[in-house]
Structures are given as C-alpha cells and as structure tokens.
Amino acid sequence: MPVLLAPDQAPTLSQLLAAANTIGLDCKILESPEPSPRIQGLGSLNCAGPAEISFLSNPRLLHQFEACRAAAVVMTAGSYEAARNRPSGCRIVLCSQPYLMYALLAQWFDRHRTDRLAAGIHPSAVIADSADIGQDVSIAAHCVIEAGAVIGQGSRLGPGCVIGAGSRLGRDCLLHARVTLYHAVTVGERAILHAGAVLGADGFGFAPDPLKGGGAWAKIAQLGGVTIGDDVEIGANTTIDRGALENTLIGDGVKLDNQIMIAHNVTVGEHTAMAACVGVAGSTSIGRRCTIGGAAMISGHLVLADDVHISGGTAVTANISEAGRYTGVYPFAGHAQWQRNAAVLSQLSQLRRRLRSIEKNGKTDQ
Amino acid sequence: MPVLLAPDQAPTLSQLLAAANTIGLDCKILESPEPSPRIQGLGSLNCAGPAEISFLSNPRLLHQFEACRAAAVVMTAGSYEAARNRPSGCRIVLCSQPYLMYALLAQWFDRHRTDRLAAGIHPSAVIADSADIGQDVSIAAHCVIEAGAVIGQGSRLGPGCVIGAGSRLGRDCLLHARVTLYHAVTVGERAILHAGAVLGADGFGFAPDPLKGGGAWAKIAQLGGVTIGDDVEIGANTTIDRGALENTLIGDGVKLDNQIMIAHNVTVGEHTAMAACVGVAGSTSIGRRCTIGGAAMISGHLVLADDVHISGGTAVTANISEAGRYTGVYPFAGHAQWQRNAAVLSQLSQLRRRLRSIEKNGKTDQ
Amino acid sequence: MPVLLAPDQAPTLSQLLAAANTIGLDCKILESPEPSPRIQGLGSLNCAGPAEISFLSNPRLLHQFEACRAAAVVMTAGSYEAARNRPSGCRIVLCSQPYLMYALLAQWFDRHRTDRLAAGIHPSAVIADSADIGQDVSIAAHCVIEAGAVIGQGSRLGPGCVIGAGSRLGRDCLLHARVTLYHAVTVGERAILHAGAVLGADGFGFAPDPLKGGGAWAKIAQLGGVTIGDDVEIGANTTIDRGALENTLIGDGVKLDNQIMIAHNVTVGEHTAMAACVGVAGSTSIGRRCTIGGAAMISGHLVLADDVHISGGTAVTANISEAGRYTGVYPFAGHAQWQRNAAVLSQLSQLRRRLRSIEKNGKTDQ
C-alpha cells in the first residue's frame, strides 16, 4: 500500500487497534519485549513493510507468514498455533475475525485520508433557496442542489454532483464526484455513491403508437421514484431507473458494484450484493442476501428467492424459488475446438432425434 | 405513485382528459350521478388511491378492477362489458387504446412537473460567443456550450451538460444532467438524452504500428460525426461513438435504454428500440422497427433486416436477412446440474462422432 | 468525412504528406502533369470527394478504386500494379503501409481541429493551491483539481474534469469532458481519456460482518491506487477501480474501448486492446499484446498469457497459459429452432448417459 501516514502522525499498534476497532471485536496483542511500533499503513502478507500492519485470514497463505516483514500481523489463535514453528519477527495480534479486523483497519486508514479533505460548502456550488442542508454537510465545487432537496447531517458531496428537485439524502452519506440524482429519489443513511452513478433516470417504457403508425413509440413518462435503504453502496457509472408508477426499491445494506443497470420497478432485498456489469430488467424482484456474479443478466418480471447465488455471466430467464447456486455460462475453448462443438450445438435437437431413433430401432443407415 | 398535485391544483377528470389527449384519441367518460372528481395523480389498478386515475389495458388484470380504489379507470368497451358483473366504485372512461391513453396521461403529469423547473440561462453556464442559442432555451448551472454550437428553440439542458464545438441540438430537446456531446454531433428535434450519456467519443480504431513494433498501436483519429434523428431517446450512461470517416447514424424515433454502446459507423433504423446493456460493434447496420433485448451483443460489420427481434442476452454473430425473432441465450440451471451439462458441452463433437459410429456400426465397445 | 478545412487553409498534397508523416514512413507521390491539388479532408474510397485524400489498404477493395473521385489515393506498389488496368483520375501516393499512413493523415486532420480549441485555464476551474500545473496546460470550464494533484506539461482537460487529491497526469495527456480521477491515481504520458471515464473508484470488497449478522457486509476500504502507463487510451464511461492494498496496473500502450470495467488489482499487459463492454474481475492478470473482443467477461483471480485473443462475448472462467484464440459464445438461431436446441441443452448429461447405454447394450426400450 502507498504509505499513508507520516511517521510522526502514525499511531502505535495499540492506539491503532483501539481506534479502528469500533465494533468491539476481541483483539489481543501478544506480549513482546520490543516497544509498540508505530503503524503507518496496511499491506498484504507478502507486500507489507516494517511500518505496516498485515493480516492472515486465509489459512492457505500461512506459508507467506514466515517471510512477512510487517510490524504486526492479525490472525486467529488457531493460525498462531499452526504458525509457531515458522518464526517471524512480526508482532502477533490475536483476533477471532482477522478478515473483519482487516476491514476495520482499512476503514480507519481511509477515514484518516478523508478527514483531510476540504469541508464546507464551496462557493461555486449552486444551491436552491428551498433546499434543506443539514449540519456539517460538505458540498464540493460545481455541485447543484435543486429546489426542495434535503441533504442529511454530515453528508459529503464530491465535485459536480447534482441532486434533483425534492430528492433526499440521509445522514452521513458520501457521494464521490459527479453523482446524479434525478428528482424524487430518496437515499437512506451512510450511503456511498461512486462517480458517474445515475439514480432516477426514466425507466424504459413506451407504448406502440398506432395512430402515428410506422412503428412509432409513445413515451410512457415515468412518474415513480427510487427509494434506497440505509448502508447501501453503489458503484461508478451504475444506473438505477425510477419506477413507472411506483418506486424502484433497493433494500438496506445492498452493495452494487460498477456499471450495474437496475431497471424500473425492480426490488432488491436487504444485503444482496451484485458484482460489476450486472443487468436487472424491469419489475424483477430479487430476494435478501443474494449474490449476483459479474455480468449476469436477470430478465424482467421474475421473482428470485432469498439466498440465491447466481454465478458470473449467467442469464437468469425464469423464476428461482429455492435458495442455492445457479449457473448458466457456456464453457469457452480454443477456437478450433469451440467451432467443432458449436456446430453440434446448432443441431442438438436433431442429435436427440437420431439417438431416439437408435434407441427404438437400433443401428440406422441415416 | 407519489401524488404530484395539490388538491387545489388538480384538474377535474374531464379537464385532465381534454388536456392530456393531445392526439385526439377517442375517449368518453361514462355518465355518473357523482360530480366529476379531481385527479391528483396516476396509479396502477392495485395501487391507485381515490384521487388518482388508473387504466386497464391487459385483460388478464380484470380481476384487479373489483377492488380498485381509483377515482376513474380507462378501459376498452370490451373490458367494460367483461367487468360489468364486478361492481366497483370507479368511474369508467372508455377508450379504444387504454395503454396509449395511459402514456398520454403520464406525459401530462410529467409536463406539470417539468413546467415548474427553473427556466432561463444560469449565470454559471459558460457559453461561447459564437454559439447560437434559440428562443426559450433553458441552460442549467455549470453547462458548457462550445464555439459554434447550436441549441434549438425551446430546448432544455440540465446541470453540467457539455455541448462540443459545432454540435447542433434541434428544437424542444430535453437533456438531463451531465450529458456530453463531443464536437460535430447533430441531434434532431424533441430528443430526450439522459444523464451521463456520451455522444461522439472516438470510435475504437487503431492500426498496428510495425515501425514502433512490440505490438504497439497507432491511433486512427476519428474524423466522422454522429447524426441523431428526431424523437430519439437515449438512456443514462449510454455511449454513441463518432464515425471513423463518415457518420454514425441513429434514425428517427429510435429508443435506446441505459448503458448501451453503439460503436463507430453503426446505422440504426427508424423506431428500433434497444433495452439496456446492449452493445453494437462497429459498422453494423440494424434495420427499422427492430427490438433488441437487454444485454444482447451484436458483432461488427453485420446487416440486420427490418423487423428483427433479438431476445435478451443473445450474441448476434451473423447477418440476419429475414424478419422474425432470434435467440441464443444458454439456459441456466442449478449449479450441479449445470456442471454435468457443461462437461458434455465441451465434448459435443465427440458425442456426435460416437453417435455416428453407432448409426453405422451398431453397439460399440468404446 | 465532413470537410474540415476551408480551401485557403488546405495544404497541397506534398505539404500534407510532409506534415502528417511524423514517423518517416516511405511515401512517394507519382509524377503527374496536373498541379499538386489542395487536400481539405480525408475519406474512404467510395465516399471521398475531389478535395479529399483516400487510401487503399485492403486489396479486396481494389474494385472501388476505379470509380474513386478522391484527389489522391495512398496504396502499396503491389496494389498500384494490380490497379493499372483500372484507370482513375486520382493521383497515386505509393507507401508500403497505407493503413498506417491513413492513421497518420487522420491524426493530422484531428490535430488541426484541436489546435483551434481554447487554450489556457478557464476562470471557472477550481484549482487547489497545492496542485502543480505544468507549462502549456489547458484546463476547461468547471474542472476541479484537488490538493497536491500534478498536471504534466502540455496536457489538456475538457470541461468538468475532476482530478483527485494527489493524482498525477503525465505530459501531453488529453482528457475529454467529465473525466474523473479519484485520489492517488497516476497516469503516464500522452494518455487519451474519454468522457465519463472513472479511474480509481473503490474496488468491490466486503467482509461478512458476523457481529451485525443477518447477512450484513463490512466495507473493506480500498487503500491501493491505479497506475496507468504511457500512451494509453481509455474509452467513454469506462471504469478502472483502485486496488485493495496494492495498485491496479494498466501497462504502456493499452487501448480500452467504452464501458469497460476493470476491477481492483487487475494487471493488463503492454499493448493489450479491449473492445467495448468487456468486464475483468478482481486480481486477474492479462498478458501483453492480447486482444479481448467486445462484451467478453474475464473472471477474477485468473492469469492470461501474452498474445491471447478472446473472441467477443466469450466468458473466460479459467487460466489460459498458451497464446492463441479462444471462443465460447453460444450460436444464436431463429427462436423456434433455438427452443428445440435449448431444451436438449438442459438434458445434455442424460443424452450422454443414453448414448453410453446404447454403446454398451445396443438398442434400448427406454
């Protein structure tokens, strides 16, 4: 990791653990004759330097511990037992959840960075008189806050964000640069919205216009909104369309990666996570605690149960009523082999017919 | 729907129908002893409240009519016949095209909203002296209009739009926030362009550079432009690249959803509609009145006929010369079942060989 | 091509060739009794007009030469031999690399256009005092340059770009409108970044939070950065995420088309080119001189060798250790035929079982 802190700003190991461990994880520094080192950053086992802390969460990486140069390593008591015969100069921090502790440490270093960003409302921001701006809100240069919009206490908007008329951001949200909320979009507390995300664009709705004829379409204005729960993260250039008449709904704790497309009237249940480039077509309802692999495609008007896990690249074209893992991606191959198989694929139903014919009649002269 | 209008601003049913029905659809309110209600909004059959209007366009939703609480429901005479034995307090509006009437009603409510937005040119907009700004144009904060650009009468630009040098917007266009037109992009009348759309970025063209060697590429500057017809809608974060030497062409009435990619020198025929996440590679020509399902992928240098309908997720890798529906998405399954099938997929050509062998020789000992 | 130059600004053919041929390609104008024409633009063989230059690089287009109206045509000596019996009024320019010469000519015309754009730093740009702005830098309206950012000599930023704290752009970069760099992103020299591109958004990393429970996720703050080499081009609305602890790496000469997603900790080798809509999942390493077809999807934690060529739409789900072409896209068909084949696809493993049974036992009564 690029070292973030100057030596004189870096906390000691015990100071760092106390500050980062905001949720009370069990966490114990094993005694050592050495003085508590100062920790300037965080790194992986094989990259961390002597002023950084690291972690061992995957037992298969145990062999990396021996050569690790980190000031300290977070690991479970079990890993520590297994590592005993691999001496290392690293100080040991015992913790039952080292991966979660890593998340907390990374959050602490990131907070240190964002604390140094400019606060307050930049004079180039254009804010409607009727907008309601909470306390301790930061609004960067060239933002636009339209009439009646509400920005919750402690929220921070990066440069060039647009908050449409009547839209509402909850407390302590972080909007990176150039996030766009159309009108009547509601976002809960502690949201993280990444650059280029667009919430509330029109759903894709058209009626054939038989009077105009010739295949012309009449636009169905999209009058619903978007409602986003608490603790949601939305990736760069992801788009979530507004509903046709009711709202598109994103539940609490949902995590959406970059370049995801959520169409109008979709519902996404609590704590569901989607990797990048997923598309969800209109009016589909996805359950709670689902994971959707990258570039998966979910058709419209479907219902997916809770705890459904879709593999990357899978096209989901039917309801899924049972929890479990579902896959549908075609295996790739060297081009020549693929050509041979693809040719058969196009004749599969004939292949089955020929097989049936043999099953009934035995050898044929076809 | 979020109720849009305050009671004292809401029209009566007959006022609303007269105002919304801009194209002269047949439309008749059945007599009722009750006074004409005021209509504050528009909702679906099972959500509309007593101050909202609804519509019944799909006969399979007839059962929802009985419990409908809407002030009025638009339906065909046929549906009204069928619904007679299902008493409801809703007032009836007969119309031969209820779905189209719904589109018109939704447009009316949306116009009411946009009429209230700030008009005029915001002082923070940066407009080149040589730009030609039509009458009644609205340009929101932080827009940039470069040299020689033309903005047609009545067009409205949301915050942060960029109109490149020499680009032209027709009359009555609506650009939402942060739309970007590069230079020499032409857009017709009444376009709706959504946030984050980028028109006129360079097509992806490179020549191997044998002098530099090592696999280096020489950029082929993209000197063509983009020409967009009238009545086109383009979704959020969709990109349409400029042509290499001639123009990329989007026909009248084309509707493109979000996150679509149209490569250089593509032609899209009139009234063709594409759902989200579609990619069309360079120099492909798509006919008129086609529909392309979400996440479909169209290879380059192809010709698709008029009235071709591509199912979602389909990869189109060859010309299509006849109208009709085409599909190519691999069926998904539970992961274990998929693994069994996928293993066979990789050996399809051997499977066929074995089948042929049996056909010729009967049972084998393979 | 839209003619770019007024007649009095247009160079003669020999002036143009001398100015465009910056890399010393062999290039010879065949003698002609006519005076050297002035060249106002560049067009394809069948579109170029009498004031434009064209090129013949694909021998299969030789038949277009006869009717070509261009002022001059660039071709190889071999093509000129073959074209001798097809008289044409065009002046001939012999060149061993006509396609590369086309690239150089197109670059020259494009430079002529960009030279006319406004230079200097627009007063509406917001630039931190601690930013380091090189000589001859152009920064357009409404850009934001945050603390400690470095903009290399000769670089040009279009309207609305955001350069995050501590990020660095090399010399002679061209950023089109609304490009976003988060903090700690490094870009080499001569980069071309297109509108809406986002470099350095957080990678998608979460740890299950067993203390909160219910499926909740704890964010893993992304502390790494993004490092982009020299001569890289990145398309519109493409996103490249920052690394979790170390940097995401894009090698020299890499060309990325629009709407590509590069996840955290990915490495892309020198001169690799990716067509639009490709997704590369986290920690995957792609070799040098690879080409990735449009809408291909590369899973995470894979290694792809140098000189690997992936066909469009292919899902790469395993390591590729040998150079070559790989494909995995399912062939499409008319919908009815597809339905028949798709039904068999879902039963492939049973089909094989039935085949095996016949191979062992002969005809069955199943």
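Note that the chains take the letters A, B and C in the order they are written out, and that residue 1 is the start of every chain.
We take it that a residue touches a chain if its C-beta (ideal position, glycine included) is under 8 Å from a C-beta of that chain, and two chains touch if they have at least 3 such contacts.
This is a predicted model, so every value here is computed, not measured.
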{"item": "Magnitude of the superposing rotation for chain A and chain C (Cα, nearest 5°)", "value": "120"}
{"item": "Interface residue overlap between copies chain B and chain C, same or different (over half shared)", "value": "different"}
{"item": "Euclidean distance of C-alpha centroids - chain B vs chain C, Å", "value": "26"}
{"item": "Contacts with 2+ other chains: residues of chain C", "value": "124, 142, 160, 178, 196, 237, 259, 277, 329-331, 333, 345, 351, 355, 358, 362"}
{"item": "Touching residues (chain side chain B, partner chain C) in the complex", "value": "124, 126, 142, 144, 146-147, 160, 162, 164-165, 178, 180, 182-184, 196, 198, 201-202, 204, 206-212, 214-225, 237, 239, 241, 244-247, 259, 261, 263, 277, 279, 281, 297, 299-300, 310-311, 314-318, 324-331, 333, 337, 340-341, 343-345, 351, 354-355, 358, 362-366"}
{"item": "Interface residues, chain B side, partner chain A - complex", "value": "1-2, 4, 23-25, 41-44, 47, 97, 99-100, 102-104, 106-107, 109-111, 113, 116-118, 122, 124, 140-142, 158-160, 176-178, 192, 194-196, 231, 233, 235-237, 253, 255, 257-259, 270-271, 273, 275-277, 288-289, 294-295, 312-313, 329-335, 338-339, 342, 345-349, 351-352, 355, 358-363"}
